[in-house]
Amino acid sequence: MLKVRVQEDDFDTTTEVAALTHGRTDIGAVATFTGLCRGEGETLSALELEHYPGMAAKQIETAAKAAMERWPIDGMTIIHRHGRIEPGEQIVLVIAASRHRDAAFDGARYVMDFLKTDAPFWKKERRVDGTDAGWVEAKEADDKARERWSNAP
Amino acid sequence: MLKVRVQEDDFDTTTEVAALTHGRTDIGAVATFTGLCRGEGETLSALELEHYPGMAAKQIETAAKAAMERWPIDGMTIIHRHGRIEPGEQIVLVIAASRHRDAAFDGARYVMDFLKTDAPFWKKERRVDGTDAGWVEAKEADDKARERWSNAP
Amino acid sequence: MADAPIERKLLYFAWIRERVGIEQEYVALPGSVSTVSDLLDWLKGRGEEFAHAFEFSNVIRVALDQDHADHDDLIGDAREIAIFPPMTGG
Amino acid sequence: MADAPIERKLLYFAWIRERVGIEQEYVALPGSVSTVSDLLDWLKGRGEEFAHAFEFSNVIRVALDQDHADHDDLIGDAREIAIFPPMTGG
(Lines give C-alpha, C1' and ligand atoms only; values in the text may rest on other atoms or scores of the structure.)
Protein backbone atom coordinates (compact mmCIF):
# COMPACT_ATOMS: atom_id res chain seq x y z
CA MET A 1 0.00 0.00 0.00
CA LEU A 2 1.55 3.24 -1.16
CA LYS A 3 0.12 6.72 -0.76
CA VAL A 4 1.93 9.80 -2.11
CA ARG A 5 0.58 13.31 -1.75
CA VAL A 6 2.05 16.65 -2.81
CA GLN A 7 -0.02 19.40 -1.23
CA GLU A 8 -0.06 22.90 0.24
CA ASP A 9 -1.98 21.87 3.36
CA ASP A 10 -0.43 20.67 6.59
CA PHE A 11 -0.78 17.03 7.70
CA ASP A 12 -1.29 15.12 10.93
CA THR A 13 1.09 12.25 11.69
CA THR A 14 -1.24 10.24 13.95
CA THR A 15 -4.02 10.41 11.36
CA GLU A 16 -1.71 9.25 8.58
CA VAL A 17 -0.22 6.42 10.65
CA ALA A 18 -3.71 5.29 11.65
CA ALA A 19 -4.87 5.31 8.01
CA LEU A 20 -1.91 3.12 7.08
CA THR A 21 -2.23 0.60 9.92
CA HIS A 22 -6.00 0.61 10.54
CA GLY A 23 -7.54 -2.85 10.68
CA ARG A 24 -4.19 -4.56 10.16
CA THR A 25 -2.57 -6.83 12.73
CA ASP A 26 0.45 -7.87 10.67
CA ILE A 27 2.35 -4.61 11.15
CA GLY A 28 4.75 -4.60 14.08
CA ALA A 29 6.82 -1.52 13.28
CA VAL A 30 6.12 1.99 12.05
CA ALA A 31 8.95 4.43 11.42
CA THR A 32 8.16 8.03 10.57
CA PHE A 33 10.25 10.99 9.56
CA THR A 34 9.02 14.56 9.69
CA GLY A 35 11.04 17.41 8.22
CA LEU A 36 10.37 20.80 9.80
CA CYS A 37 11.20 24.34 8.73
CA ARG A 38 14.02 25.73 10.88
CA GLY A 39 14.16 29.37 11.85
CA GLU A 40 17.92 29.67 11.36
CA GLY A 41 18.37 31.69 14.54
CA GLU A 42 15.20 33.78 14.12
CA THR A 43 16.44 35.26 10.81
CA LEU A 44 14.08 33.32 8.57
CA SER A 45 10.43 34.32 8.23
CA ALA A 46 9.42 31.56 5.81
CA LEU A 47 10.47 29.10 3.15
CA GLU A 48 8.80 29.25 -0.23
CA LEU A 49 8.74 25.79 -1.73
CA GLU A 50 8.50 25.64 -5.50
CA HIS A 51 7.83 22.29 -7.12
CA TYR A 52 7.32 20.60 -10.49
CA PRO A 53 3.84 19.21 -10.02
CA GLY A 54 3.66 16.06 -12.12
CA MET A 55 7.25 15.02 -11.62
CA ALA A 56 7.28 15.55 -7.86
CA ALA A 57 4.75 12.82 -7.11
CA LYS A 58 6.28 10.59 -9.78
CA GLN A 59 9.80 10.76 -8.31
CA ILE A 60 8.54 10.18 -4.79
CA GLU A 61 6.63 7.12 -5.99
CA THR A 62 9.73 5.80 -7.73
CA ALA A 63 11.76 6.10 -4.52
CA ALA A 64 9.01 4.51 -2.43
CA LYS A 65 8.57 1.60 -4.82
CA ALA A 66 12.31 0.97 -4.80
CA ALA A 67 12.23 0.87 -0.98
CA MET A 68 9.28 -1.50 -1.00
CA GLU A 69 11.12 -3.86 -3.33
CA ARG A 70 14.31 -3.72 -1.31
CA TRP A 71 12.85 -4.32 2.15
CA PRO A 72 9.74 -6.17 3.43
CA ILE A 73 7.63 -3.04 3.76
CA ASP A 74 3.86 -3.41 4.05
CA GLY A 75 2.88 0.19 3.54
CA MET A 76 4.26 3.67 2.97
CA THR A 77 2.74 7.13 3.10
CA ILE A 78 4.69 10.13 1.87
CA ILE A 79 3.44 13.70 1.98
CA HIS A 80 5.45 16.67 0.72
CA ARG A 81 4.16 20.20 1.07
CA HIS A 82 4.78 23.14 -1.24
CA GLY A 83 4.09 26.87 -0.99
CA ARG A 84 4.86 29.07 2.00
CA ILE A 85 6.03 27.30 5.16
CA GLU A 86 7.02 29.10 8.35
CA PRO A 87 9.61 28.12 10.98
CA GLY A 88 8.38 25.24 13.14
CA GLU A 89 5.93 24.08 10.46
CA GLN A 90 6.05 20.65 8.86
CA ILE A 91 7.45 20.22 5.34
CA VAL A 92 7.57 16.49 4.68
CA LEU A 93 6.34 13.23 6.20
CA VAL A 94 7.55 9.73 5.39
CA ILE A 95 5.93 6.72 7.06
CA ALA A 96 7.12 3.15 6.56
CA ALA A 97 5.24 0.22 8.09
CA SER A 98 6.59 -3.30 8.27
CA ARG A 99 6.58 -6.49 10.29
CA HIS A 100 10.10 -5.62 11.44
CA ARG A 101 11.76 -2.49 12.71
CA ASP A 102 14.87 -2.63 10.53
CA ALA A 103 12.81 -2.56 7.33
CA ALA A 104 10.69 0.31 8.64
CA PHE A 105 13.73 2.39 9.61
CA ASP A 106 15.66 1.61 6.43
CA GLY A 107 12.67 2.27 4.19
CA ALA A 108 11.87 5.66 5.71
CA ARG A 109 15.48 6.76 5.61
CA TYR A 110 16.02 5.59 2.05
CA VAL A 111 13.01 7.53 0.80
CA MET A 112 14.14 10.67 2.67
CA ASP A 113 17.62 10.44 1.18
CA PHE A 114 16.20 10.10 -2.35
CA LEU A 115 13.67 12.86 -1.77
CA LYS A 116 16.48 15.27 -0.92
CA THR A 117 18.35 14.71 -4.17
CA ASP A 118 15.75 13.52 -6.67
CA ALA A 119 12.37 15.07 -5.91
CA PRO A 120 11.85 18.33 -7.83
CA PHE A 121 11.36 20.84 -5.00
CA TRP A 122 13.33 24.04 -4.48
CA LYS A 123 13.40 26.15 -1.34
CA LYS A 124 13.68 29.91 -1.31
CA GLU A 125 14.34 31.66 1.97
CA ARG A 126 12.44 34.77 2.99
CA ARG A 127 14.01 36.89 5.74
CA VAL A 128 12.20 38.34 8.76
CA ASP A 129 12.61 41.83 7.21
CA GLY A 130 10.72 40.62 4.13
CA THR A 131 13.69 40.46 1.80
CA ASP A 132 14.50 37.53 -0.42
CA ALA A 133 17.45 35.55 1.00
CA GLY A 134 17.87 33.50 -2.13
CA TRP A 135 17.58 29.85 -3.01
CA VAL A 136 18.79 27.16 -0.62
CA GLU A 137 21.81 25.43 -2.09
CA ALA A 138 21.92 21.69 -2.52
CA LYS A 139 24.23 19.97 -0.02
CA GLU A 140 27.02 17.61 -0.93
CA ALA A 141 26.11 15.68 2.23
CA ASP A 142 22.74 14.88 0.66
CA ASP A 143 24.39 13.46 -2.44
CA LYS A 144 26.59 11.32 -0.20
CA ALA A 145 23.60 10.15 1.82
CA ARG A 146 21.89 9.05 -1.37
CA GLU A 147 25.00 7.30 -2.66
CA ARG A 148 25.44 5.18 0.44
CA TRP A 149 22.39 3.14 -0.55
CA SER A 150 24.23 1.95 -3.67
CA ASN A 151 26.92 0.33 -1.54
CA ALA A 152 24.94 -0.75 1.50
CA PRO A 153 23.81 -4.39 1.80
CA MET B 1 15.10 17.51 26.73
CA LEU B 2 14.37 13.92 27.67
CA LYS B 3 11.02 12.46 28.67
CA VAL B 4 10.63 8.80 29.59
CA ARG B 5 7.31 7.26 30.58
CA VAL B 6 6.42 3.67 31.48
CA GLN B 7 2.65 3.39 31.59
CA GLU B 8 -0.39 1.19 31.01
CA ASP B 9 -2.23 3.82 28.97
CA ASP B 10 -2.01 4.26 25.22
CA PHE B 11 -0.29 7.32 23.71
CA ASP B 12 -0.77 9.66 20.76
CA THR B 13 2.19 10.26 18.46
CA THR B 14 1.15 13.70 17.18
CA THR B 15 0.61 14.96 20.73
CA GLU B 16 4.00 13.69 21.85
CA VAL B 17 5.82 15.12 18.82
CA ALA B 18 4.09 18.46 19.34
CA ALA B 19 5.06 18.50 23.04
CA LEU B 20 8.69 17.91 22.06
CA THR B 21 8.89 20.48 19.27
CA HIS B 22 6.40 23.12 20.46
CA GLY B 23 7.75 26.65 20.34
CA ARG B 24 11.09 25.55 18.93
CA THR B 25 12.39 26.58 15.53
CA ASP B 26 15.80 24.89 15.75
CA ILE B 27 14.50 21.37 15.10
CA GLY B 28 14.55 20.31 11.46
CA ALA B 29 14.06 16.57 11.80
CA VAL B 30 11.86 14.29 13.87
CA ALA B 31 12.16 10.51 13.61
CA THR B 32 9.67 8.31 15.40
CA PHE B 33 9.36 4.60 15.89
CA THR B 34 6.19 2.90 17.04
CA GLY B 35 6.13 -0.78 17.96
CA LEU B 36 2.74 -2.46 17.54
CA CYS B 37 1.33 -5.74 18.77
CA ARG B 38 1.06 -8.23 15.89
CA GLY B 39 -1.77 -10.74 15.69
CA GLU B 40 0.47 -13.57 14.46
CA GLY B 41 -2.06 -14.68 11.87
CA GLU B 42 -5.13 -14.18 14.08
CA THR B 43 -3.88 -16.69 16.69
CA LEU B 44 -2.94 -14.15 19.34
CA SER B 45 -5.58 -12.48 21.49
CA ALA B 46 -3.21 -10.31 23.53
CA LEU B 47 0.25 -9.74 24.88
CA GLU B 48 0.73 -9.38 28.60
CA LEU B 49 3.70 -7.15 29.26
CA GLU B 50 5.38 -7.61 32.61
CA HIS B 51 7.99 -5.06 33.68
CA TYR B 52 10.36 -4.18 36.51
CA PRO B 53 9.03 -0.74 37.42
CA GLY B 54 12.02 1.21 38.72
CA MET B 55 14.58 -0.35 36.45
CA ALA B 56 12.53 -0.04 33.26
CA ALA B 57 12.56 3.76 33.24
CA LYS B 58 16.15 3.82 34.42
CA GLN B 59 17.43 1.61 31.58
CA ILE B 60 15.46 3.55 28.98
CA GLU B 61 16.96 6.79 30.30
CA THR B 62 20.45 5.31 30.14
CA ALA B 63 19.97 4.37 26.48
CA ALA B 64 18.47 7.75 25.61
CA LYS B 65 21.27 9.66 27.33
CA ALA B 66 23.87 7.59 25.48
CA ALA B 67 22.13 8.46 22.18
CA MET B 68 22.01 12.14 23.08
CA GLU B 69 25.75 12.15 23.81
CA ARG B 70 26.58 10.29 20.62
CA TRP B 71 24.55 12.38 18.17
CA PRO B 72 23.40 16.03 18.13
CA ILE B 73 19.91 15.27 19.40
CA ASP B 74 17.82 18.12 20.81
CA GLY B 75 15.07 16.11 22.41
CA MET B 76 13.79 12.59 22.94
CA THR B 77 10.53 11.16 24.18
CA ILE B 78 10.20 7.47 24.95
CA ILE B 79 7.02 5.76 26.12
CA HIS B 80 6.77 2.05 26.86
CA ARG B 81 3.50 0.45 27.84
CA HIS B 82 2.95 -2.52 30.14
CA GLY B 83 -0.08 -4.65 30.96
CA ARG B 84 -2.46 -6.20 28.44
CA ILE B 85 -2.04 -5.11 24.81
CA GLU B 86 -4.12 -6.45 21.93
CA PRO B 87 -3.16 -6.96 18.26
CA GLY B 88 -2.94 -3.65 16.41
CA GLU B 89 -2.37 -1.69 19.64
CA GLN B 90 0.75 0.37 20.29
CA ILE B 91 3.46 -0.94 22.62
CA VAL B 92 6.33 1.52 22.43
CA LEU B 93 7.11 4.96 21.04
CA VAL B 94 10.53 6.50 20.51
CA ILE B 95 10.85 10.07 19.21
CA ALA B 96 14.17 11.72 18.41
CA ALA B 97 14.34 15.38 17.38
CA SER B 98 17.41 17.02 15.93
CA ARG B 99 18.63 19.71 13.55
CA HIS B 100 19.56 16.94 11.11
CA ARG B 101 17.85 13.85 9.86
CA ASP B 102 20.76 11.43 10.31
CA ALA B 103 20.98 12.14 14.05
CA ALA B 104 17.21 11.77 14.43
CA PHE B 105 17.14 8.43 12.60
CA ASP B 106 20.25 7.07 14.34
CA GLY B 107 19.08 8.17 17.77
CA ALA B 108 15.64 6.58 17.47
CA ARG B 109 17.05 3.35 16.12
CA TYR B 110 19.78 3.13 18.74
CA VAL B 111 17.29 3.53 21.57
CA MET B 112 14.99 0.89 20.04
CA ASP B 113 17.86 -1.58 19.71
CA PHE B 114 18.87 -1.06 23.35
CA LEU B 115 15.26 -1.23 24.55
CA LYS B 116 14.90 -4.67 23.01
CA THR B 117 17.86 -6.15 24.86
CA ASP B 118 18.28 -4.04 28.00
CA ALA B 119 14.91 -2.73 29.16
CA PRO B 120 13.30 -5.08 31.70
CA PHE B 121 10.05 -6.00 29.97
CA TRP B 122 8.80 -9.51 29.23
CA LYS B 123 6.01 -10.47 26.88
CA LYS B 124 3.63 -13.34 27.44
CA GLU B 125 1.33 -14.40 24.62
CA ARG B 126 -2.31 -15.17 25.21
CA ARG B 127 -4.08 -17.21 22.53
CA VAL B 128 -7.49 -16.46 21.01
CA ASP B 129 -8.90 -19.52 22.84
CA GLY B 130 -7.79 -17.99 26.15
CA THR B 131 -4.87 -20.33 26.78
CA ASP B 132 -1.41 -19.19 27.78
CA ALA B 133 0.99 -19.46 24.81
CA GLY B 134 4.07 -18.89 26.95
CA TRP B 135 6.72 -16.23 27.14
CA VAL B 136 8.14 -14.68 24.00
CA GLU B 137 11.75 -15.76 23.58
CA ALA B 138 14.53 -13.24 23.16
CA LYS B 139 15.88 -13.08 19.61
CA GLU B 140 19.51 -13.44 18.66
CA ALA B 141 18.84 -10.84 15.95
CA ASP B 142 18.11 -8.30 18.69
CA ASP B 143 21.47 -8.99 20.37
CA LYS B 144 23.16 -8.51 17.00
CA ALA B 145 21.26 -5.28 16.38
CA ARG B 146 22.47 -3.95 19.71
CA GLU B 147 26.05 -5.03 19.06
CA ARG B 148 26.31 -3.22 15.75
CA TRP B 149 26.36 0.10 17.61
CA SER B 150 29.66 -0.88 19.24
CA ASN B 151 31.33 -1.12 15.84
CA ALA B 152 29.50 1.56 13.89
CA PRO B 153 31.13 4.98 13.42
CA MET C 1 11.19 14.37 -46.93
CA ALA C 2 12.32 15.22 -43.38
CA ASP C 3 9.88 14.93 -40.49
CA ALA C 4 8.42 18.16 -39.17
CA PRO C 5 10.34 19.23 -36.03
CA ILE C 6 8.72 18.15 -32.78
CA GLU C 7 7.29 20.91 -30.66
CA ARG C 8 8.72 20.63 -27.16
CA LYS C 9 7.48 22.18 -23.95
CA LEU C 10 10.33 23.65 -21.93
CA LEU C 11 9.81 24.26 -18.21
CA TYR C 12 12.12 26.33 -16.01
CA PHE C 13 12.30 26.22 -12.23
CA ALA C 14 13.74 28.14 -9.27
CA TRP C 15 16.63 30.50 -10.07
CA ILE C 16 16.76 29.36 -13.68
CA ARG C 17 13.12 30.41 -14.06
CA GLU C 18 13.92 33.75 -12.40
CA ARG C 19 16.90 34.38 -14.67
CA VAL C 20 15.26 33.47 -17.98
CA GLY C 21 12.13 35.34 -16.90
CA ILE C 22 9.63 32.74 -18.10
CA GLU C 23 8.06 29.64 -16.57
CA GLN C 24 7.52 27.71 -19.76
CA GLU C 25 7.61 27.96 -23.51
CA TYR C 26 7.10 25.83 -26.60
CA VAL C 27 10.04 25.46 -28.96
CA ALA C 28 11.19 23.42 -31.93
CA LEU C 29 14.81 22.48 -31.37
CA PRO C 30 17.27 22.91 -34.24
CA GLY C 31 18.59 19.71 -35.81
CA SER C 32 22.00 20.29 -34.20
CA VAL C 33 20.57 19.65 -30.73
CA SER C 34 20.54 15.94 -29.96
CA THR C 35 21.78 15.58 -26.36
CA VAL C 36 20.88 17.37 -23.14
CA SER C 37 24.28 19.01 -23.29
CA ASP C 38 23.56 20.30 -26.81
CA LEU C 39 20.29 21.73 -25.55
CA LEU C 40 21.98 23.63 -22.70
CA ASP C 41 24.55 25.06 -25.13
CA TRP C 42 21.82 26.14 -27.52
CA LEU C 43 19.77 27.75 -24.74
CA LYS C 44 22.84 29.70 -23.58
CA GLY C 45 22.95 31.40 -26.97
CA ARG C 46 19.37 32.68 -26.88
CA GLY C 47 20.11 36.10 -25.35
CA GLU C 48 21.41 37.79 -22.27
CA GLU C 49 18.96 36.26 -19.77
CA PHE C 50 19.65 32.79 -21.09
CA ALA C 51 23.40 33.35 -21.10
CA HIS C 52 23.11 34.31 -17.43
CA ALA C 53 20.86 31.41 -16.50
CA PHE C 54 23.03 28.82 -18.23
CA GLU C 55 26.42 30.29 -17.33
CA PHE C 56 27.36 27.31 -15.13
CA SER C 57 25.50 24.70 -17.08
CA ASN C 58 27.37 21.77 -15.50
CA VAL C 59 25.31 22.11 -12.30
CA ILE C 60 22.00 22.29 -14.15
CA ARG C 61 19.64 19.30 -14.05
CA VAL C 62 17.31 18.28 -16.83
CA ALA C 63 14.31 15.98 -16.84
CA LEU C 64 12.91 14.45 -20.02
CA ASP C 65 9.21 13.68 -19.74
CA GLN C 66 9.58 13.88 -15.94
CA ASP C 67 12.53 11.50 -15.63
CA HIS C 68 15.98 12.68 -14.62
CA ALA C 69 18.47 12.72 -17.50
CA ASP C 70 22.24 12.99 -17.71
CA HIS C 71 23.91 15.66 -19.81
CA ASP C 72 25.02 13.14 -22.40
CA ASP C 73 21.59 11.53 -22.73
CA LEU C 74 19.78 11.88 -26.05
CA ILE C 75 16.68 14.04 -25.98
CA GLY C 76 14.93 11.77 -28.47
CA ASP C 77 11.23 12.43 -28.74
CA ALA C 78 10.73 13.83 -25.23
CA ARG C 79 7.85 16.32 -25.34
CA GLU C 80 8.30 17.89 -21.91
CA ILE C 81 11.79 19.08 -21.00
CA ALA C 82 12.30 20.56 -17.56
CA ILE C 83 15.39 22.51 -16.62
CA PHE C 84 16.25 23.25 -13.00
CA PRO C 85 18.97 23.66 -10.37
CA PRO C 86 19.89 20.82 -7.98
CA MET C 87 16.85 19.99 -5.89
CA THR C 88 16.45 20.98 -2.26
CA GLY C 89 13.28 19.24 -1.16
CA GLY C 90 12.66 17.09 1.89
CA MET D 1 33.17 -9.25 65.39
CA ALA D 2 31.76 -9.96 61.91
CA ASP D 3 29.23 -7.55 60.40
CA ALA D 4 25.61 -8.63 60.53
CA PRO D 5 24.64 -10.10 57.12
CA ILE D 6 22.94 -7.61 54.81
CA GLU D 7 19.29 -8.23 54.15
CA ARG D 8 18.73 -8.33 50.39
CA LYS D 9 15.52 -7.98 48.48
CA LEU D 10 15.27 -10.57 45.70
CA LEU D 11 12.86 -9.94 42.81
CA TYR D 12 11.81 -12.55 40.26
CA PHE D 13 10.26 -11.84 36.87
CA ALA D 14 8.47 -13.63 34.00
CA TRP D 15 8.94 -17.42 33.85
CA ILE D 16 11.43 -17.38 36.70
CA ARG D 17 8.77 -15.78 38.89
CA GLU D 18 6.25 -18.37 37.73
CA ARG D 19 8.60 -21.25 38.48
CA VAL D 20 9.74 -20.15 41.94
CA GLY D 21 6.16 -19.17 42.76
CA ILE D 22 7.00 -15.85 44.45
CA GLU D 23 7.47 -12.28 43.23
CA GLN D 24 9.91 -11.16 45.88
CA GLU D 25 11.50 -12.12 49.16
CA TYR D 26 14.05 -10.84 51.66
CA VAL D 27 17.08 -13.01 52.30
CA ALA D 28 20.48 -12.88 53.97
CA LEU D 29 22.97 -14.54 51.65
CA PRO D 30 25.44 -17.06 53.13
CA GLY D 31 29.07 -15.97 53.27
CA SER D 32 29.96 -18.38 50.45
CA VAL D 33 27.96 -16.27 47.97
CA SER D 34 30.07 -13.46 46.58
CA THR D 35 29.38 -13.35 42.80
CA VAL D 36 26.17 -13.40 40.76
CA SER D 37 27.14 -16.90 39.67
CA ASP D 38 27.45 -18.02 43.32
CA LEU D 39 24.00 -16.58 43.96
CA LEU D 40 22.43 -18.53 41.10
CA ASP D 41 24.07 -21.74 42.33
CA TRP D 42 22.85 -21.14 45.86
CA LEU D 43 19.29 -20.38 44.67
CA LYS D 44 19.27 -23.63 42.66
CA GLY D 45 19.72 -25.58 45.92
CA ARG D 46 16.73 -24.06 47.67
CA GLY D 47 14.17 -26.72 46.70
CA GLU D 48 12.41 -28.20 43.73
CA GLU D 49 10.87 -24.97 42.36
CA PHE D 50 14.20 -23.20 42.52
CA ALA D 51 16.03 -26.14 40.94
CA HIS D 52 13.52 -25.95 38.07
CA ALA D 53 13.73 -22.17 37.73
CA PHE D 54 17.53 -22.10 37.74
CA GLU D 55 18.12 -25.25 35.71
CA PHE D 56 19.67 -23.34 32.77
CA SER D 57 21.23 -20.59 34.81
CA ASN D 58 23.57 -19.45 32.01
CA VAL D 59 20.68 -17.70 30.22
CA ILE D 60 19.45 -15.95 33.37
CA ARG D 61 20.05 -12.22 33.75
CA VAL D 62 20.64 -10.46 37.05
CA ALA D 63 20.43 -6.78 37.97
CA LEU D 64 22.09 -5.36 41.08
CA ASP D 65 20.32 -2.28 42.37
CA GLN D 66 18.66 -1.92 38.94
CA ASP D 67 21.85 -2.16 36.87
CA HIS D 68 22.62 -5.12 34.64
CA ALA D 69 25.35 -7.38 36.05
CA ASP D 70 27.48 -10.16 34.57
CA HIS D 71 27.60 -13.60 36.15
CA ASP D 72 31.12 -13.03 37.42
CA ASP D 73 30.36 -9.63 38.95
CA LEU D 74 30.58 -9.32 42.74
CA ILE D 75 27.27 -8.76 44.49
CA GLY D 76 28.90 -6.43 47.02
CA ASP D 77 26.43 -4.45 49.05
CA ALA D 78 23.61 -4.45 46.50
CA ARG D 79 20.30 -4.32 48.37
CA GLU D 80 17.95 -5.08 45.49
CA ILE D 81 18.77 -8.10 43.34
CA ALA D 82 16.49 -8.85 40.39
CA ILE D 83 16.57 -12.15 38.55
CA PHE D 84 14.93 -12.55 35.16
CA PRO D 85 15.05 -14.16 31.71
CA PRO D 86 16.40 -12.30 28.66
CA MET D 87 14.23 -9.26 28.07
CA THR D 88 11.68 -9.01 25.28
CA GLY D 89 10.48 -5.42 25.44
CA GLY D 90 10.20 -2.88 22.67
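Per-chain numbering from 1; labels A, B, C and D assigned in written order.
We adopt the following convention: a residue touches a chain if its C-beta (ideal position, glycine included) is under 8 Å from a C-beta of that chain, and two chains touch if they have at least 3 such contacts.
On a predicted model such as this, the values are computed, not experimentally measured, just so you know.
> With chain B excluded from consideration and all other chains held fixed, what connected components does the contact network retain?
A, C | D
> In angstrom, rounded to a whole number, how far apart do the mean CA points of chain A and chain D lie?
Comparing mean C-alpha positions, chain D is 49 Å from chain A.
> Please compute the C-alpha centroid of chain C, do the same for chain D, then give the distance between them in whole Å.
The answer is 73 Å.
> Can you work out the whole-Å distance between the CA centroids of chain A and chain C?
Distance between chain centres, rounded to whole Å: 27 Å.
> Among the residues of chain C, pick out those that touch two or more other chains and give their numbers.
As it turns out, chain C has residues touching two or more other chains at 90.
> Which residues belonging to chain A are in contact with no fewer than two other chains?
Residues 35, 112.
> Chain pairs that touch, all of them, please.
Once each pair is checked, the touching ones are A-B, A-C, B-D.
> Tell me, which parts of chain B touch chain A in their complex?
Against chain A, chain B makes touches at 12-15, 17, 21, 23-39, 42, 87-88, 99, 101-102, 104-105, 108-109, 112, 145.
> Help me check something: in the complex, which residues belonging to chain A touch chain C?
35, 49-52, 54-56, 58-59, 80, 91-92, 112, 115-124, 134-138, 142
> If we count contacts the way the header does, which residues on chain D are in touch with chain B in the complex?
Listed in rising order, the residues are 11, 13-15, 17, 63, 66, 68, 82, 84-90.
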